[in-house]
Amino acid sequence: MSQAPLPLHGVRVLDMGQFWAAPNAGRALADAGAEVIKVEACARPDPLRIQARGIYPDHVPGEDHWNRSGMVNERNRSKLSLTLDLSSERGKDIFLRLVGLSDVVMQNYSSRVMPGLGLGYDTLSKVNPQIIMVSVMSQGLEGPESEYVSYGQNLEQLGGISYFSGYPDDETSSVGFALPDPLAGATTALAVISALRHRELTGRGMHIDLSQREAASLVIGDSLVEYSITGEAPARLGNQEPGAHPSECYPCNGDDRWVAIVVRNDDDWARLCQAMGRPDLVGHPDFATVIGRKRNRAALDQLVSGWTCQHDPYQALALLQLAGVPSGAVLTPRELFRDPHLRERGFWERVEDPSAGVQEYYGRPHRLSMTELGTRSPTPTLGQHNRQILQGLLGMSDTDIEELESEGVIGNRPLLGSSGGMARGAQ
Amino acid sequence: MTAPLDGLTVVEVGQGITAAYCTLLLSSLGAEVIKVEPLRGDETRRLGPFPQDVPDRERSGQFLALNRNKRSIALDLDTPTGQDLFRSLVQRADIVVENEAPGRMAERGIGYEHFVEAQPALVWTSITPFGQAGEYRDRQATEITLFAHGGLMVLVGDVAREPLMFQGNPMLHSAGLYAFSATMLAVHLAEATGVGQQVDSAILDGIAASHFQAMMDYEYAGLVRRRGPMHMPIPTMDGFISFTVQAHQYADFRRLIMGEEAGAAVEQESAVERDRRRAEGEMDNEILMWSVQQTKYDAYHQAQSAHVPAAFLAGPQDLLESPQYEHRDFWVTIPHPDAGELKYPGFPAQLTGVEPSWSPAPRLGEHADQILADFAGLTADEISDVRAAGVIR
Amino acid sequence: MGATVPPPLHGVRVLDLGREIAGPLCARFLSRMGADVIKVEPPLGDPIRRANSTSGARTGESSPGHLYANEGKRSVVMDLATPSGRQVFLRLVRTADIVIENFEPQVLADLDLDYPVLRAANPGVILTSISAYGDTGPYRDFQARELTLFAMGGHMYRSGAPDRPPVRMGGHPTEVLAALGAGYATLAALRMRAAGGQHVTYSAFESQVTSHAQAMVEVSYYGMETGGDAPRGAAGIRGLLARDGLAMISAQEQQMPRLAALVGAPPELGQVDPMDRGGRRGELMERVAEWASQRTAREVYELGQGARVPASFVASPQDLLESPQYRHRNFIREVEQPELGTVAVPGLPFKWPESEVPERPAPRLGEHTVEVLESLDMTRDQILRLAAAGVVA
């Protein structure tokens, strides 16, 4: 089947990302056709390769556990792997030569690392004035808090998401997983692809300074606007959608099973009555209007949960959606894994990992009609493409490569020295 | 000064002109009018005229003129919540004026019959093209079709050409005026007896009532009136003037335009001779010779000084600058936040001790929050919810 | 200031058919990158204009959500359900590079404006359709809201206290993630423009599933028996209870010594065997909790960061608007919004060093209808007629 060339065909990315956000963006670019080279140092590999609480096939880390980490293999698909000791002069030299041949450098070290290695944007842009460098920072490259470090959960707090999350009367419960990482990943991909267009227009490279905390704040942007207008802190609403009564999770048949229902307006109420098999309630004076449903919320909740608890979540969902009521079952990861909708859409991708075996990873939420943006190759093992890259791109000889290997500039297993080891600092 | 209708609350569900004009008159005499608009707004908001011809629902001249003095809430009457809120408005009202299709309010559970039991004194004025019942009740109509249907159109224009209509929607305005009168009467009765009613005001009735002469000709003599030859207006230096010179004014008028001698000459003539001159259009030529040397104002004043009913064809500027209107304080100047200061017609009659009051037309839904708080007792929070649910805007 | 160079999306025209958050925000991102974004709204406007603010503040049709998601755009009102509205829209499509929509999947087809129709009008146009579940599959037509997508997407099953219903994340997590992802996919399609336009579809449900990767990886790596699921409440309290609110310290193994020193714990508590998940780590965390409880959340943040330990506090809107870091980066810009005054609006979380995108406040409904239609060579007269018919406004 002939396809249009992939959108990022011909774009080369040096992806120094670690953990989640930046590698995720690298994967998006790789899926779209970019040649993404994941650059790690053996002494300093992606911390997820070697973290204590890693996810390994059937809990077995195995001989080369750094190639078997699920968290790495999930988000580094379609890339090439190069190891490079950037603290060595030869490593730096090779890196800069690659920069000269590349379009994008992505990194999410803390703000001092790259300049400390002598690989700040100034250096890179001298080598390649058209290079696009993306620094995926906790809070940006400059400013009073730019050196602060954080993980996703911290950013959820600092970005203002936590302030609005949880029950109206209790903010302490844990809510969801760390969303700032995927948010920052999506933001990074967007930033890179826009910078590429910018370069096409102007012929200029640039250094993109990205703040993950700000990316988190996008989730609550309207509340910031609101505060600036009213001077009052907007309320934490729990499951309440403004104006919708009810808007809540209702218990289903089963242990800790739930279905979320949102009645936006009077029409939805009529639909809910239909779903519940209670057409007699449509015009019930207590519930027929927005105000009625709001004022009689307790009775309403009782009524609705009396119905939902007779059904399991998928059943309730089917009945509600048949009637057109906005609703969602509270699904577990296992349910999602076999969810008929995702299966039918071919969302899961079966990948044969070199060391972790056949696994299924999530695919992508976007589809382009002209071409398929999917996993092009499994996540490479550490240093898998050293030879291919150094020979193919830099024209090095076998001898050069053996030398680099013996000097420890490149390699294919982590060097876990005294200072190395487990997950390093946050981004 | 107390206005005569102070203390009366009117709920208007009006699209277009008829109901809006009716309640405009009520409001100018002191009634409080709440205009219930559909979410898209009253259709006149779309019709202009607009400043610089830029459509803007807050700057339609037609809307602004018809809806002065009122408060606006945009309410979706097709939802149970909207209907319920409407009920709470009517519960505090004395008068409802609506021009929805017959039966439409009742279908929503908010027709006159749904309120009469609890509010026996309520006056409910329904303005429709053909009335609430009868064969035509569900038919559609506009200004031009009503003008035709009511028998006026066949009478207007040159007999040799197609019939004409009037501009400016006079049928719909007069329907509002009829409805206003009937409503006042019903309010008067309700105050006297405690019993209100549904006033069934049909636009077609009013049109037929305005030109019964044609029907009389037919009934008495079997004559069918037709359009006559057009009485062409007469040009002046800067516009047109129109006369109706009657036979006995002829000499005076001739004297005026041609001098003493010409006037005296005519005085000697027999009535038969005079009619001949008129029929042959001699006088038209004489007037024309004179009029083209006059300004329309001069011609008008001279003719009137000879007691000849004459008028120049007034344009908008003439109306706005007319010393007569000014003397009667007819034009009222009202500032509007979006449209600026404009002159509007006042109340078309002067009553002793009554000073019509004027405030600008509302923006779409401008008073929703205030109205729902006052009439339905909703909290700010509840109002927000109603808005988010799309029932108001 | 140095000379500015054109922003990345200079010369790109986007038609935003979006409503509420996901579609409009996606288009907003593009407008912040310099695209000319025309928001095409139905006669009642994007419902987000009336979405109520969580504080119940009265902002009329300028809800905070509207100001946030539609900043920088022009607004054109067109009733796409009318034949003329559809035609005018197709004329506009001929001038556009990108159309973004987030209707339910069947809506554009029902309007006869789905991708083949747009393509026929403009073979180069990119249509980006953001929907809850994508344009295929058994859930395609499911009705969804932020809450229900958060539930379906897999974040919710572990959210909240074990003895209460699950509770969702605040704000618009599913919509914002979709807006970002769809923006990326759209610009990817734009890079393929030489080969023509195409249809980009985006499923917010799927982007949710990608956003909690760990659990999904577990299912694959551990198998359906044990992978992924964990009881609700297992994550416990999401932070440290400081004196005045919540804070958090997420130290990893190599940061433990610094953390121990920070809270004044004996050094041996900071020496943690990386593979030992219990033991002394728990002891240290107790000391940390004790330490935090005697300080404000902000102190925990500042002191923790001073010791180079990932610490945070729950920032309120006020904290964010006043944040020295946000101010330094000018992330939250002050925009002059007619009628509301100065409003703070978050921008993009990344910067181009050289390009400036002009500030433009969120538009009033239909503010630019005439301007845009005239650019399509329509006359004022045609526009007025369409407006009177309710096709544009």
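So that you can tell them apart, the chains are marked A, B and C in the order they are listed, and the count of residues begins at 1 in each.
Keep in mind that, in the parts below, a residue touches a chain if its C-beta (ideal position, glycine included) is under 8 Å from a C-beta of that chain, and two chains touch if they have at least 3 such contacts.
Small disclaimer: the values here were computed from a predicted structure and weren't measured.
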**Report entry** Set of chains whose contacts include both chain C and chain A
**Finding:** B
Query raised in the report: For chain A, which other chain has the most distant CA centre?
Result: B
Query raised in the report: What whole-number Å value describes the gap between the mean CA coordinates of chain A and chain C?
Result: 14
Report summary line: The distance between the C-alpha centres of chain B and chain C, rounded to whole Å, is 52
Report summary line: chain A and chain B have mean C-alpha positions lying a whole-number Å distance apart equal to 65
Report summary line: Residues of chain A that touch at least two other chains are 242-244, 264
Report summary line: Multi-chain contacts in chain B, i.e. residues touching at least two other chains, fall at 384-385, 387-388, 390
Query raised in the report: Among the residues of chain C, which ones contact at least 2 other chains?
Result: 51-53
Query raised in the report: Can you list the chain B residues touching chain A in their complex?
Result: 79-81, 84-85, 376, 378, 382, 384-391
Query - chain B-touching residues of chain A, taken from the complex the two chains share - result: 242-245, 264-267, 283, 288-292, 294
Query raised in the report: In their complex, what parts of chain B are in touch with chain C?
Result: 39-40, 43, 46-48, 50, 53-57, 369, 380-381, 384-385, 387-388, 390, 393
Query - chain C - residues contacting chain B, complex - result: 43-45, 47, 50-53, 56, 58, 61, 366, 369-370, 380-381, 383-384, 387-390, 392-393
